[in-house]
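Read through the structure below, which is laid out as structure tokens, and then see the notes.
Every chain is named by a letter (A, B and C) in the order it is written, and numbering of its residues begins at 1.
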Amino acid sequence: MKKTKRFAALALSTVLAMTVLLTACSSNEESPANKNGTNKTEEGEQITLKFSFWGATIEKKTVTEALERFEKKTGINVEPMHIPADYITKLTTMVAGNVAPDLGYMTSGSGLSWAEDGKLLNLSPLMEKDPDFKKEDYLDQVWYETEPGNIIGMSISVQGYGLMYNKDMLLEAGVELPPTEADKAWDWDTFIEYAKKLTLDDKGRNALDPEFNPDKIKQFGFQYDPYNMMAAVVSNGGNFLTEDGTGFGLAQPEGIEAIQKLADLMYVHHVSPTPLQTKSLPDMALQTKKVAMTVSGNWALQAFAEQEFNLGVGVLPKLKESNTLLDGAPMVIFSSTKHPEEAWLLYKYMADPEQVLPLIEGGLWMPLKKDWYTDPELINKWAAGNKAHPEGYTDAFMKQTLENGVRTPGFEVKNLAKINALVTPALDLVWTGKQTAEEALKGIEPKVQPLIQGYYGR
Amino acid sequence: MAAAGILFALPSILGLTLFTILPMLTSLILSFTDYRTVNTPKFIGFDNYTRLFDGTDPYFYNSLWVTFKYVILRVPLGLVFSFVAAFLLNLDFIRGKSIFRTIFYLPVIVPAVASSMIWIWLFSPDLGLFNSFLEALHIPTLNWLYSEKTVVPSIVIMSLWAMGSTIIIFLAGLQGVPRSLYEAAIVDGAGALRKFFNITIPMMTPIIFFNLIMGSIGAFQVFTEALIMTQGGPNNASLFYNYYIYREAFQFGEMGHASAIAWILFMIILIVTAIFFRTSKSWVFYESEV
Amino acid sequence: MQKSRRISQIMVYSILIAGAVFCLLPLFWLIRSSMMTSLQIFEMPPKWIPEPFQFSNYAEALTSIDFFRFFRNTLMITVGCLAGALISSALGAYSYARLNWPGKNLFFSLLLASMMLPGAVTLIPTFIGWKLVDSINTYWPLILPAWFGSAFDIFLLRQFYTSIPRDLDEAAYVDGAGPLTIFMRIIVPLSKPALIVIGLFSFMNSWNDFMGPLVYLNEEKKYTLALGLQMFQSIHSAQWHLLMAASTVVILPVIIVFFIGQRYFIEGITLTGMKG
């Protein structure tokens, strides 16, 4: 009996405590709006913009600080909305519930398809009206367009791809360092030969040795995420779709050849870990000398810079031509915003490399503006003399991205998510050595064909 | 009596209607529309459903099959495994029951970021514990999560290890088996086995029934493991039904189509549950119905 | 006889200990990773003991996110849900198990059916519902539903209640007791282990809930621990060592609550045992 009463009392007091807490919190909520009372516009109406974004600790800090500086400078309130995971689920519910943020990061696939439904603002009129803004100042490859003239934004940052390697391992093996200039890029056979020299079995024999045992590899010459196969495909003159946007490009001879060559690195030349072997490799394979060279986007430099090894960079080995991939995700303004002009001001502010310098200097981002790639004074601010941007970076990444950067399918291929849902399982079969690239890609071509809807922005 | 009954159940009736049935009905309606979450839904009749059955959607039958395989392995194994664990944990002579119980519940508590790393190691084809074990026994090693044949059984093994919640429910149920029944049985000279089958099992049937129903409902909706460990791969061999729905809804933005897919699962679970309820009359023993 | 009992006891112990080792593995992994550099965490084959012990991970983890604010927020939601879940589910289950009223079977079937539709397709309708009552970016969508009972809890408690002998109620009715008195004096005390189970599950669910806070909360000062933990990870990088340290701190209260909760379990045995 006593216990029952105690239980009831406990329950009751919990309810009371909770009510108090909740009321306390909702009154707290009022305060920030009043905090910046001095910044009110002349009409007395305080404008608040919601800016949604993702990112780990450093990105979160840099972006939040930039937003605060914007607040101070303009008197426009900004509510940062940092979404730590499942970004697109959160944004989808917000847009469906008609409570979308004013502007923010987006993923490319959903971004372009939402734009077609009119959920994102066309920035062209805003850009034309703005005398301080010149579209030509920004890289040509960073723009997202659903159709000519309907620009939904530019990429949050530029992400060029390149070769990254552990310099000491190459020097020890007597391998010449990867070239940093496009016209000197390794051709595929040279690349394989060097990769073989850098691949060692448990007895220390390299992959050129006739005694080499491919079942007991201790050190791989080259690791890459095979689902990033687009870099090889574009270097071979192919692309995800055919040039006219009506055919499945990966199943064309150039695409198949490039993908087969990647698979051969694992199953013929034994210089790259198979997906199974990758599961046993640590995240930090370069530092721990399990892997000598890898391919990744610019962002990886930030993590490598925090590790203790002698990082080197170079241009990607080429199949037919030397080029690189340029990846990204758009920053957009939602059409539901009540303050498009102010949102544009903030948009422009966040696209300015100066405002997000710590991310650029730290190796996570590459800047959006062209002069940051050409003006020596600006280059000095980020790409010279720091650990994330080793010697050769200006050629291998900056120049290569600017001059030979080919956009990833995410920028322009329509219906990409659904096509990829067919392509990924088919490539599973290639990367696990069960089928040749030709069998797998020709096999899904009839299913992919009806999903092909061409390119955005053409 | 009736008034008190309705009054006591009123919060749950209200909550059920407002928080669950209304959204469910909305999604049922949406399943007959072209709704991509950012447009105004457009009525398209049964198109979302016919697209599934006529094979236009290439994933439907595959994910149904994959999910059935999982359910058929997971539900019976889960019941036996957790019942035995609970029974052993409840034996009179066991010391440190509190510690044991807490430990058996730990896999449920530890966040997936840590436990998925453990599983990646255990299942690792080259260095994993499971394969070293098989090697020691001179049994051919397996590729576990990374082969189309073994990925579903591997995920079943993972889920069996996190059975803490079911074990706890069984444990709570075992506390309710009156001691007097066991004492009477001992007087009659019953052995441990007879006590187990004649007293423990029959007295536990309402709880076994509960875990059977909830285990089935949960198994049909298996999701997290596919998301964290395999992303539906390799080659769609772990594209569980619920993961497939999530992908349609949020990655492809096809909410209308996703709703149709979800309602088919609803019907399947409903039929399975209804069958269990029908058969329950013959094996579930309710004290209050005597 | 004595000897064979000994042997079977040893067998049971060895099974339990083997199982326990297996179940301890992830916790051990978590704790050892929380004191390593992020480089050591991924070494293969794994290292079991960190060297050196990097205790500074804890300080860094707890200061690099707004840990104590998230902790307070999470605690508030958890306690709010816990009280609601216990009261509403216990009453509801009592009604479904013991009282007769028109439409009972219909509503019970609906209750069960409500668990059969995957949440991905009801998320947006539910969200829009909360938006209509202007509750986005508040804790209401996270706490209020608990006060209206959960299908799982009600079904579970109903199963327990049905195994309490009915003669007890009958006797009380004869003494003139009403349904509420019977509920408080007979049902609640006799189903204590089950109520504790409901309480533990409710605690666990709201403590770890990720989707709810993610979808309904917009401002970081309202975020919960589950969201906070995600801040150590992003698409391309993760601070694994900090994530592991923060996770260890986050699950500690759950382990303590569970350990304490299941002790009442034992108390439950003796009570039910004597009265039953």
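FYI, a contact is a pair of C-beta atoms (placed from the backbone, for glycine too) under 8 Å apart; a residue touches a chain by one contact, two chains touch by 3 or more.
Just so you know, these numbers come straight off a predicted model, no measurement behind them.
The fewest steps needed to get from subunit A to subunit C, moving only between touching chains, is 1. Across all inter-chain contacts, the pair with the most C-beta pairs is B-C.
Separating the CA-averaged centres of subunit A and subunit B is a span of 36 Å. One simple way to say how far apart two chains are is to compare their mean CA positions; for subunit B and subunit C this gives 16 Å.
Of all residues in subunit C, those touching 2 or more other chains are 44, 124, 233, listed in ascending order.
Counting partner chains per residue, subunit A has residues 89, 92, 96, 280 touching two or more of them.
Shared interface positions of subunit B, defined as residues touching 2 or more other chains, are 37, 124, 127, 250, 255. Across the complex, subunit A meets subunit B through its residues 88-89, 92, 95-96, 109-110, 113-114, 117, 119, 275-277, 279-280, 417-418, 421-422, 424-426, 428-429, 432, 447. Residues of subunit C that touch subunit B in their complex: 9, 12-13, 15-16, 19-20, 22-27, 29-30, 33, 41, 44-46, 88-89, 91-92, 94-102, 104, 107, 110-118, 120-122, 124-126, 129, 145, 147-149, 151-152, 154-156, 159-166, 178-180, 183, 190-191, 193-194, 196-197, 200-201, 204, 208, 229, 233, 243-244, 247, 250-251, 254-255, 258-259, 262-263, 265-266, 268-269, 272-273, 276. Residue ranges on subunit B touching subunit C, taken from their complex, read 1-9, 11-16, 18-24, 26-27, 30, 37, 85, 88-89, 91, 93-94, 97-98, 100-111, 113-115, 117-118, 121, 124, 127, 161, 164-165, 168-169, 171-173, 175-176, 178-180, 203, 206-207, 209-210, 213-214, 217, 220-221, 223, 242, 245-246, 249-250, 255, 258-259, 262-263, 265-266, 269-270, 273, 286-290.
The touching residues of subunit C, counted against subunit A in their complex, run 38-39, 42-44, 64-65, 76, 79-80, 82-83, 86-87, 123-124, 127-128, 131, 136, 138-139, 143, 184-185, 188-189, 210-211, 214-215, 218-220, 222, 227-228, 230-240. Considering their complex, residues 1, 3-4, 7-8, 11, 14-15, 17-18, 21-22, 25-26, 50, 54-57, 59-60, 79-86, 89-90, 92-93, 96-99, 280-284, 287-288, 297, 299-300, 302-303, 307 of subunit A touch subunit C.
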